[in-house]
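Just below sit the structures, each encoded as structure tokens.
What follows is a pair of complexes built around chain A, which joins chain B in one and chain C in the other.
Up next, the complex of A and B:
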């Protein structure tokens, strides 16, 4: 009697999360718009050269890596204000270990990753275990790690000039790793840091769409109570999100140190805001439960192109900030499902 | 006649909750509105208070037809509601709460300023009427629930309410507090205020009611002066005729003991100290394989907290012993409980049951995702197959397994929720209102499901506010009152009357 029960179950074996729906189109349209601006205001043809695009990618990679971690956190309906400070801490730490203590690059990078992971996990623990609001917990971590960066660097930039016991300075050799990470590969067409950024994107993509933990990240962000009652270990999932954000910040910190050839304890100040802007422009909602790493990639490119175009056209910093603010609002309004 | 509501009809997404209900009110009377949970009392009140304005029927106030588009309009015409859940802003001082949104205006610059002196004088007068000896400048949060209750009344009276609606006001009050409330109501009556009083409690109905209207399944079962209505007739009005045919007699063959609770205590952590209504205290019972145990009780009796607590929703408040298949079981977390074969269907489908923004497949697999992700890697084919199997088995109507749950009707959402738990292959199924908000057809499908699980040896603990459902499905019924089990009824002993009596804290045997 009820032959119409199931009209048709599409037998695609696919689940959303991998669907190409209109939120993708919106994320791309923002990028296209900025790109179009670049074509128009091409600064005497500079925009048509690949070198411009390569440099843009190189310059935005650090923010992009931070945004990868931020995306994970935002999907759980949280926010992480500490990524910029963790970047600063690790830039200092990496410079100290490699330049002053002459550690080989691999153990130094490993130590930085652990430090970043520890900072992120600390925020996560405050949030998951002691039920602090993400904003407050990561604000505390942000201030704390910035202080830590200043404390281990003595408030100075950690550069190749190493102070000797007798008060003189000796210049340390720049380790090969610095040169390697800062070079351009594939016929000088792409920077290694950009490849690092893309690798981070791939890691996040694997986590979010291929692993069980990724599904749990979405579930926690969409409805924490329902997720908890369905057996999702919500506390551990939050630890994962913030821990990974910390680890990504450490990677960004290493890249930053390499690019600057020094560890600046002030590095990464206000980068957390850029990272949030990138995530939001991509179309990931701050209310959690949705978003893709692909959106963040598009958002990174959008912001990157915007900055590049503005600097190509020699727009003053003041106007650049004003314009960036406007673009963020425009992009978010564009993302709305129904305007 | 102060108020007359005639032919009120109202439905939620196609499911009628009020059908042709009439209700009237005289000045200075206490009119009790009674009925089981889900009978439509709250909906009727919300229509009167302007919360819902999409209803059919007429409302006349003082002989004039009215239709309130918002609660603000209703309040402006002298209709005040004292809510079960408090409507006070805890951090604001008492006086600001009393006049919130309806501040007294001074003669000069009435749009800018507030007549603080006038408010203070009026608040003082109200407080003396209500026996409230408190500092009006302290925040509401500093006072216990019983005082806040009276502040709420003061707030209602501040606008010179002609009609005061009280929704189970004594639920959380102690006996002397209840007596004080009765005195206040008596005082209101003398001043000509009409009171609509919602309650389940028998003694209360006879103590303060002048007239009573009973609602049943969204219809009016009857209206009568309280003095002329016998207790037996009142209960018959509340539960109606038994519909035995809905629930074919099932041969129950309970097996070995599945679940046993010994001196089990739990308390749902509340947001404010006053929100803790009757926690569960020292409950002991057992459920055998293939048995349905009904857990009856009025709202706030603790039966819902018992199920949620047993499942591990708030493990820190748990005391006592739990045994699963004879082995001791420590209540730790939902995850732990699921691993040990427990499943819990929460009553609130939207808030704690499903994840609305996720797809049907994602929701169905959520509680048993480990099956579909060996080594933590999701297998979307396995997951899709899991979803498709359940959609087929439960005849869930949907556009596709990758449609979002929020697009589905209530009944189909409920089936998705059930499917999620069936996938975990539970040995003990804790069901809190499994048929809430679904139509009759789906209800029967759910009854069939429960019967099938039981036949397969699952133990079921069932809460439902529909008494007929409870009686029809359960092998035994435990009745809870104020956090404790007050009666255990066999299927033969269970009737609407005996359950209701026990749930109200009265002796259920004659």
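Up next, the complex of A and C:
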């Protein structure tokens, strides 16, 4: 019986949320709720301008990219606390390679992707091979990679100021890639970083809904033992999930470095929590086996708009935290099947 | 089987004894830093290391408490137990670190307190700059630059921290009585990505901004990037604080910020005081560090000293 159910999972139509069911409506309702707040508190009409939305989309893209990887991990009933630190490591690495060592952008980005993939795969190996709890394994990766980021940067921001042996500074030129990635295209209407985020969403969507390995992710999250007995390579599937989360974190790290024009070893601290919040607000369950990348896109927009509205209205930090807490609860309650 | 370990021990003892006999008088200074996550504090340690390297009799042991009060307390206790000759501490918070510092002081270890204070007077000397005066100077400079009127965005440091509060209240005093109006203020928590986000909101809400006053240079740089992205960077000036060589001073050189106000680390002064104390000389109980302003006109001359002492104490 157990094997039968698991074999059915890859079939179209039986996956939770595979049809256009009411879970979509619930995910959208949370976004609408926050959007409505924006329409009401529009800060003298600033909310009605496209520039505001374009900036919001750029600001939330880094969190969104992290959330893409987080979604894959959460679907396998795991969690990845290391995404923020891997972001920091790769922001530093990318800045170091391009600004200080004058590498061209493409090999530098490739090196970062490999580094991110390696960090993620290391977490995956701890979880799949050595049966560590995802929380503990990725916590270890989180502190380890943060240490690595601080170590290779010497504890300082890797900026365009390159220290010379005599203690003075020389200023490196900003590589064209930085300007290219941190620009707006399509008539200045959308940031390239946002397009990178959307590309990550598409990659996840292809994996989750078109490829067998994506369906295995759901199977592992729904019932790992049953999945294993029905021939799903559960170990490799976990390696895939955490490895991809690491690679997405590396992409986010490059985007962060480009926007800051430097590599900050502290970059991405506590971003993992925002990424988890985005995934959950979208409607993907932390208990695994279900969820969609589209939900994560909606969750990203929800959190992005929330932050933007609070910022536009120059709400004080204390009220911001209180309101964010309340609105997250309201948004999640709105999505529940029975309130 | 026991012989080798004894020989090793004996050899160690001999090496140690020889080293202490032949070497000249060596002073060991313990430096307890509260958090090396901030570039300014990295600079402080670098300044101390550089100043100490010029004096061969000094050895400095650095410890980083990673923004953890209890860890810093443990570090102070470790230095006391290790019998360092002098302790330099840049405490994370006053109240919880007062007792360990006083304890070290009572055990005869001179203590130089850097940047942030401890309570009471059981330490040898305090060295620090005055954020409020620097904020004031920034306010006065901005008022003069804008001709006593204009619309200013203030990007504040973490407002639960004293430097953030002082840089704000000093600035408010500096522009008092002028036509300078703060039209948008936000807490960017010292972080550049936050500053950029808040500045984008300010730009969306306000069609005319004359100047951005950020409580640190990364904040000013983040604001600049936001304004540049919408092609409004030429419309306004950017002013920051800290003026680290690789941050604020670089931004001034690149023409990104109009002025950066130095917040000196006091690292060199701390080592100078330490040498005087170890040499048996007296040092003043309290030293307020002077500060400079860097602008495009004076950056090649090493900045211009601010008239902070004259503000009176």
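Everything that follows uses one rule, which is that the second predicted complex is superposed on the first by the 321 of 339 C-alpha atoms of A that agree within 3 Å, B and C clash if a C-alpha of one lies under 4 Å from a C-alpha of the other, contacts with A are read in each partner's own complex, and residues count from 1 in each chain.
By definition in this document, a contact is a pair of C-beta atoms (placed from the backbone, for glycine too) under 8 Å apart; a residue touches a chain by one contact, two chains touch by 3 or more.
Only a predicted model underlies this, so the values are computations on that prediction, with no experimental measurement involved.
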Touch test for A:106: chain B only (first), chain C only (second), both, or neither? neither
Thinking of the overlay built on chain A, is A:159 touched by chain B (first), by chain C (second), by both, or by neither? second
Examine A:59 and indicate which partner it touches, taking first as chain B and second as chain C; both and neither are also allowed. second
Considering only the touch criterion stated at the top, classify A:270 as touching first (chain B), second (chain C), both, or neither. neither
After lining up the shared chain so the two structures overlap, which partner does A:40 touch, if you call chain B first and chain C second: first, second, both or neither? neither
Should A:317 be classified as contacting the first partner (chain B), the second (chain C), both, or neither? second
Do chain B and chain C touch any of the same residues on chain A, and if so, which? none
Listed in rising order, the residues of chain C that touch chain A in the complex are 36-37, 39, 42, 50, 159, 184-187, 189, 192-193, 196-198, 200-201, 204-205, 221-222, 225, 229-230, 245-247, 250, 253-254
Please give the residue numbers of chain A that touch chain C in the complex, ascending. 43-44, 46, 49, 51-52, 55, 59, 154-157, 159-161, 163, 167, 169, 171, 182, 184, 256, 259-261, 264-267, 307-308, 311-312, 314, 316-317
In the complex, the residues of chain B that touch chain A are 311, 313, 333-335, 337-339, 344, 346, 351-359, 361-362, 366-367, 369-370, 373, 376-378, 380-381, 383-384, 388, 391-392, 395-402, 420, 424
Report the residues of chain A in contact with chain B in the complex, numbered from low to high. 2, 5-10, 12-16, 19, 209-216, 218-219, 222-223, 225-233, 289-290
